[in-house]
Amino acid sequence: MNAAPDRYALTHELQSLYADYCACIDERRYSDWPDFFTEDCVYKVIPRENHDRGLPLATLAFESRAMLKDRVVAITQTLFHAPYYQRHIVSAVRITGVDDEVVKAEANYLIVRTKQNEPSEVFNAGRYIDVLVREQGGWRFKERCCVFDSELIPNSIIYPI
Amino acid sequence: MNAAPDRYALTHELQSLYADYCACIDERRYSDWPDFFTEDCVYKVIPRENHDRGLPLATLAFESRAMLKDRVVAITQTLFHAPYYQRHIVSAVRITGVDDEVVKAEANYLIVRTKQNEPSEVFNAGRYIDVLVREQGGWRFKERCCVFDSELIPNSIIYPI
Amino acid sequence: MNAAPDRYALTHELQSLYADYCACIDERRYSDWPDFFTEDCVYKVIPRENHDRGLPLATLAFESRAMLKDRVVAITQTLFHAPYYQRHIVSAVRITGVDDEVVKAEANYLIVRTKQNEPSEVFNAGRYIDVLVREQGGWRFKERCCVFDSELIPNSIIYPI
């Protein structure tokens, strides 16, 4: 088998992973969300302006799967917020690096938000910048950096991006 | 051939089908739309709130290709409505079940609507929940359930989702 | 190798190309943008109404890679405009024709725009209608026609679609 079919297979696998990730969040199965990450992962949500200038300030930053689990408890039990639906639309995955067991990939995303008794609206648009590793059970995010374009968020970001 | 390449091929075929379906509607070739369905199909458009609670009330529900053809007549000849353009953006297809000749699949969708002399806007976002069978001429929808997030639709849904 | 796997490979290659094209624009690497086109290319941005009626009037029309390079100079140095971020979300590529070395393909696109201190918004939605040829270095656009639905653009189109 030459390199190209391998690349097709990898693209296919990542596209599936990304779709499963979105479905998990959009269907509000938040307790499954940390399982998409490695144990010592990084998950960040950062404004594009900061990311482009190399400024480290992130809206959200977690540094382990355990912290993601804490976040899920906050979302589902602690944080006071008006609930809303999310709907992820993700463009084709771009593989930007393959090195032994580590894959770098990116994809544009758009999240449409729907609050109760309001029309659906553009909530958050940006780019996933990811580092993935293959573990028992499939591909996992070692890093997922969600770089969002909007400096002005219509409301605070409660659920995972 | 092992299972994985088969899965790639299937994903590829469904992705093509979904894109063709969207193109058919977005290009207003409505008379071709019923051909995407089996003769004894189900096509439903249902609010997420009802779907999630198991409530059967749907905004639209048709139970055969003949009913879809009736709908096309209504859209193109009977229903009084201000015309609008639709533009479908569909995320990666997720295959959720493969069983003999029947495939279950899902995909997130966003429809951008453009009315005359108005800017484009988010119209309807949600999830296709589909059951597909392979017939003479390719894959067809045995069921297409369009579960939309917005309880508040900016206007009545005229064209297919 | 039979026809179907070839079609998968081609779809995969075009999907990658389209994603790279979007990334180039969204990341503001405008000087790389003309390299996606052949030397004697056509790049057009045209309202759907005109396209559907066969009217030739386009919002933008360029007829060579040299003209695209001129456009890049205009964008980056000459045109007076308030800067904005673009984020492309592109649906699955539809291959509509394969003839020797020439491929015809289409895809639905949505561009989300973010202006400084404003929320992200739907900017431009439509369909790419493309003619592609394989050259040294990969696939290039011989023609890219961006047919957009909105007659009413929230502001002038500055950056590539």
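All chains are identified by letter, namely A, B and C, in their written order; residue positions are counted from 1 within each chain.
The rule we apply is simple: a residue touches a chain if its C-beta (ideal position, glycine included) is under 8 Å from a C-beta of that chain, and two chains touch if they have at least 3 such contacts.
Note that this is a predicted model, so its numbers are computed, not measured.
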| item | value |
| --- | --- |
| C-alpha-based rotation, chain A on chain B, 0 to 180 degrees, nearest 5 | 120 |
| Same-site or different-site touching of chain A by its copy chain C, using the half cut | different |
| Chain A-chain C separation of Cα centroids, rounded to whole Å | 26 |
| Multi-chain contact residues (two or more partners), chain B | 8, 89-90, 110, 122 |
| Touching residues (chain side chain B, partner chain C) in the complex | 8-9, 12, 15-16, 18-20, 22-23, 26, 85, 87-90, 110, 112, 114, 116-122 |
| Chain B-facing residues of chain C, complex | 4-5, 7-8, 11, 48, 89-94, 106-110, 122-127, 149-154 |
